[in-house]
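What follows is a set of structures for review.
Common to both upcoming complexes is subunit A, partnered first by subunit B, then by subunit C.
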Partner chain A sequence: MSDYVVMVKEQAQVYLAGPPLVKMATGEETNHEDLGGAEMHSKVSGVSDYLAEDEMDAIRLGREIVAHLNWKKGAAPVPRPVEPPLYDAEELLGIASADIKVPFDSREVIARIVDGSRFSEFKPLYGKTLICGSAYIHGFPVGILANNGILFSDSSNKGAQFIQLCNQTNTPLLFLQNITGFMVGQKYEQEGIIKNGAKMINAVSNSTVPAITIMTGASYGAGNYAMSGRAYAPRFLFTWPNHRIAVMGGKQLGGVLEIIQRQAAAKKGVEVDEQRLAVGKAMIEAQIEKESNPFFATARLWDDGIIDPRDTRSVVAISLSAAYTAKVRGTTSWGVFRH
Partner chain B sequence: MNDAAQPYPVLRSRVDARTDDYRANYEQNSAVLAKLDEALAQARAGGGEKYVSRHKARGRLLPRERIAMICDRDSHFLELCALAGYDVKGHKPGASLVGGIAVVSGVECVITASEATVKGGAINEMGMRKSGRMAEIAEQNRMPSISMIESAGADLPNQSKIFVPGGRGFRDLTRKSRARIPPSASYSAARPRAAPTSRA
Partner chain C sequence: MKTINKILIANRGEIALRIMRTCKDMGISSVAVYSDADATAPFVDAADEAVRIGPAPSSDSYLAMDKIIAAATLTGADAIHPGYGFLAENAAFATACADAGVKFIGPAPEVIRVLGSKRESKRIAADAGVPVIPGYQGEAQDVETLAAEAETIGFPVLLKASAGGGGKGMRVVNAAEELVAAIEGAKRESKSAFGDDTLLIEKYIQRPRHVEIQILGDEHGELIHLFERECSIQRRHQKVVEETPSPVLDEATREAMGNAAVTVGKTVGYVNAGTVEFILTPEEEFYFLEVNTRLQVEHPVTECITGLDLVREQIRVAQGEPLDIAQTDVPRVGAAVEVRLYAEDADNDFLPTTGSVVDWWVPPHVRADSGIVAGFDVGIHYDPMLAKIISHAPTRGEAVRKLANALRDMVVAGPITNREFLIRVLEHPKFLAGELDTHFVDHHTADLIGVEKDEQLRDRALIAATLAGVAERRAAAVLPRLPLGFHNNRFVDDWVELAQGDDHWTVRYRPLRDGGLQVSVDDRTMTIRHLDLAADYVTYETEDGRRWRFHVAQHGAMRFVHHRHGAFRFAEKPRFVEPGAAAVEGGCVAPMPGKVIKVLVSAGETVDAGASLMILEAMKMEHQVTAPTADQVEQVLVEVGDQVEADELLVVIDQAGQ
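Entry: the complex of A and B
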């Protein structure tokens, strides 16, 4: 099915069905080379386009084929000098909280991955739990959205606006996730946290500039969604080894189950089996802890890999360069924003 | 120096490397990174010493060697989904496939190579999902893809997990070709390829 096929002589074989299956199906006696060998496919069937003498020859042919694709990148940013960050990436290991309940200032992360540690912050005095702003990484322009706490109505609105602005200027997005979720409670519901959070999700979902997501700490609940989690199809998604990902924390989920079970027992007028409840709670907590582990997540392709935080700048730069192989074009068309 | 080129202000750091918090984070993050290195070493070990030496004795290259050879001399290789299938029953870390982004003849490409030292490179559930993700990356970013295949085909005893969704791989290839994003394959040693759809 590929456009070009190279097969290695006396080594590569390809067929719909191998000799044993052919014998089972039709009774025909045959051998691997006559049925699907590289020479047969290169000289008789035409399944192979190039017959390589050996593996090294196949690799040489592969390089030759790519060379005659006449491939051009879809876009390239205006070339500019690349300054390394002013601060040592090594320090990211001391900045990133090993305990995801402990917050850390995402500006310290930005300062260690962007060119010259230079950052033009957007709306710095508004919705301060979401840092938005412009920077360059290895000369590529990026609009950065980085959590500095929980998402509130104002920070969500700010995020939605910033994503729209980056689409206006064809600027790729970099999400630095460290999010325990959206703020909950009566006050926040009355402020319309749902409709404001939905604005950010609308913007993330319909944005057409490339997005790269790095999970640097917590990735919980709808915060995972609003910050361009896997389901929102960022071009690349990498995680730091300290990160945790789940719908909510194990303790919270255990607590929620406890409240529900106590209410159900009270309604029925029966005693709560305390021991059973405690065991059930411990089990769910342990299960969530195991399933929110970065190794569990990466094993299941919830991300494109766990990276060493010190490599973040290089990994993002390679990803941005890859994204620029296609055209980088923002959109002006969005779903309905509920105001 | 480049103030004219980039007038953005410089961020001031307030990190103090002498605090207990900093030291504790550094220590714990380093410990998880050591675990990461260990897991990646397992992935690089493929099917283990026995199968790796048998493979080499046949004069064949390992997947990472094949990738290193096809890349430009000064190219990066950003390996992706290196730990797919890690600690998942019936899988080895890496899911019998090595994949990533590198530069070939000056072109950024998505490259995959079968891990033939694990069950003859047979495609398992996680490997299928990983290869699907690599195809998605190539398509979304409009990158040519190179597949270096040495695979026994489908992992037949586990066919129920891959047969139906697995058909998508062929659909993706031809649709990419239509979108003029060339997929190219170099078969180095595809042993019996079990395509369960076609027996005629």
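Entry: the complex of A and C
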């Protein structure tokens, strides 16, 4: 089904049935090379279009083929001068928190990855725990959503609106994720955090402009969804080595399990085995801690790789360039936003 | 007196441009004639008019008298300047010009003819009381007579072609047993070069200096000299460094030589510019050698110290004007030195080289008479001289240092040149001390030829070549501003493989966080900072704070890297090699571009190591192609008359055949 086939001499073989099966099926005695070797397919059957001397030669032929694909990048943005950021990328090492409980201002990250450190912030006075705004990275226009705390109803609504705007202007999205989740509690449920959070997740789900996600710190719970986690199919997703990912934190999960177990025991009217409970809680905490580790995550392909925070600008630029291989086009079809 | 309004220049390259310059100064129109090979040469564009006269070989163009005369008639030129070489000393051409009613800028045909014969001119000089070297100039040319005469003169003797010049057909014979073979070789070479195998023999002077006197005569019997030029630095019997005044001549000898030159000139009624050549012994005895009846290649040094424009003087004389300067009024200011920049490989027996001149720049504070520009192709058809670079200063020492320094700065990227050889000559302590003779190059071979380049400089040049090659990333359509060599994967560096001859190096580089670059040449790693990639220059700083600036010219896979202390020509190796491009083993390849004039072996023949396989002719010189090992000839791939390129496979020797 390939457009072009390059076979490496005395290595590539392809046939419907190998020599043993051919012998069993028809009684014909043959060997691998004569039956389906690269030379036969290049000279006799035409299954192969190019015969390569070795792997390097196959790569050479591949490059030659690609050189003649007559491929054009899909409507790249208008070229503009590329200014390096005014702030030193080296400082990202000090900005990123080793302990996810220590917050940092995402604007400090943005200032070190966008052209000329210029950032045009959207709704700066509203929903301040989600920073939204426009910038350029290596000349590519990009809409940035970055966490400065947990998501509330106002910040979720702001995010949903901003994603819609970027779709309207065919602008790719960059998510700088550092999120421990949506705000919980009575007050927030009354504000409708569920339907407001759903608006942002709905926007992320239906958005068709390329999205690139960088995990710069925490990635917990439904916050992962709203900030274009793996399941929301960003074109690329890279992580910083300090980031942690889980449905919830180990301590929180351990505490939740303890509460549930105590409630269950009370219901049955039995004594709680304190020692067992403590051991179980510690085990859960240790497991979550271990499995939140970025190396555990990246080893399971939950992301496209861990990057040095100082490389973020270059990595995002290459990702944007790759995304622009196809035409960047936003959607106008959004399903139902619950109001 | 007949005013000249339009001059046709029957020459090419730098001398054509040189003559045009004076034409412009004098308000005279110029006409260039050019061969097919020179269609895009700068001298054609510079002329007021130009006429194409034929195919590349000189015999069909620059030596084709009828075509040149026809071009003069076509354009209405009233004079022809022959420059040097080609038809400059051809009496028949001077006659043809006169017949066509076009003024030939040079002496009368009869004078050219008489002085063109070494024997005739020597006789004339001797009769006029000018000392000549003992020798034989007889008519009898059989080997026995020549051998006997050589014995009489006493070894060592020098065999020369009577019709020759420029070292062609010349042989030094040290002992009687070498004589017969040398006579035959000299005769063959002379015949092929000049169509005449008449030889003359003379006493060979052990440590001679070549000193010549510029003369200038008008049509009214006035003739003066413009002092001497010392032209002792020669390779392959051809001058490469010329200067005036000579560093050794005392005033008395200078005057005696000047008077001798004037005597010779007056004896033959010499008109126009000419040069009387002498041999000067270490004891300051001088012997008349010959008269060149033309403008010399090295005339600019005389112009520098006298302030005269020799081409202007030639034209004035040709117009019938009298000389307007008396012998005693000729100025002599400071010292001037000239070098001839050739497309040739000093480290490979000075064999001519060819190729496209990729970049060309000469510092403006020296005089450069050149016929080339960047993009010019140096071919195999004509003399491989690219330019003459001339300096003038109050003292010899200053002039020499100024010239050496200018040569260090000048950029000539493309064909291999003798630039570095010339620098080594000029900076040689013996040269600076004025201790020179015509064997200077042979005596100081170790200091001048095959000098190894500084490895540290070479490594830095390799880095410059690599970075210049990747600089095009900055102009790429995709992400031009990404850091050079950026990789998300930090276990892989970008790399380039460069080769020079049989040597090759791998250069790797990776960006550092502080904007620097970590670079390694093979296993030698260094950090460079403040990298600046301009269009032609690569500048960077090394860890010791030193700034390195390289001029880098690129042409295909070639990277020509120039630094004051050495120039390099690297070839970038392709990362993916097409299979089947491997070289044929056991092959003999052409050492240089040229024409096959003789094939001495045929397939199946067994040859000894070092045996001659064929003779190539290039730049009018014969070059032997020899067998590398004693083996059987498997295949001869060329035949007589074939034009071959450098490194073209000529003969396949079957090493397994034994």
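Annotations for the structure displayed:
One rule holds in what follows: the second predicted complex is superposed on the first by the 317 of 339 C-alpha atoms of A that agree within 3 Å, B and C clash if a C-alpha of one lies under 4 Å from a C-alpha of the other, contacts with A are read in each partner's own complex, and residues count from 1 in each chain.
Assume a contact is a pair of C-beta atoms (placed from the backbone, for glycine too) under 8 Å apart; a residue touches a chain by one contact, two chains touch by 3 or more.
Here the structure is a predicted model, which is why all the values come from computation and not from measurement.
In the superposition on chain A, A:Leu173 contacts neither subunit B nor subunit C. When the shared chain is aligned, subunit C comes close enough to touch A:His138, but subunit B does not.
Residue contacts after overlaying the shared chain place A:Ala89 against subunit C, while subunit B stays out of touching range. When the two complexes are overlaid on their common chain A, residue A:Glu53 makes contact with subunit C while staying clear of subunit B.
Using the contact criterion defined above for the overlaid structures, shared-chain residue A:Ala218 touches neither subunit B nor subunit C, since it reaches no partner. By the touch criterion stated above, A:Ala198 is placed in contact with neither subunit B nor subunit C. Of the two partner chains, both subunit B and subunit C are touched by A:Ser321.
Comparing which residues of subunit A touch subunit B with which touch subunit C, the overlap comprises 56, 59, 63, 73, 305, 308, 314-315, 318, 321. Chain contact summary for the complex, subunit B toward subunit A: residues 1-2, 5-11, 13-15, 17, 21-30, 32-33, 35-36, 39, 60-61, 66, 69-70, 76, 78-88, 93, 101, 104-109, 126, 129-130, 133, 137, 140-144, 146-148, 170, 173-174, 177, 182-195, 198-200.
Those residues of subunit A that touch subunit B in the complex are listed here as 1-8, 11-21, 25, 32, 36, 38, 48, 52, 55-56, 58-59, 61-67, 69, 71, 73-74, 80-81, 83, 86-87, 91, 93-98, 102, 105, 107-108, 110-111, 115-120, 134-136, 210, 233, 235-236, 241-242, 294-296, 298-301, 304-306, 308-309, 314-315, 318-319, 321-323, 325-327.
Only residues 477-483, 486, 488, 490, 513-514, 576-579 of subunit C touch subunit A when the two sit together in their complex.
Contact residues of subunit A toward subunit C in the complex are 53, 56-57, 59-60, 63, 73, 82, 84, 89-90, 138-139, 305, 307-308, 310-311, 314-315, 317-318, 321.
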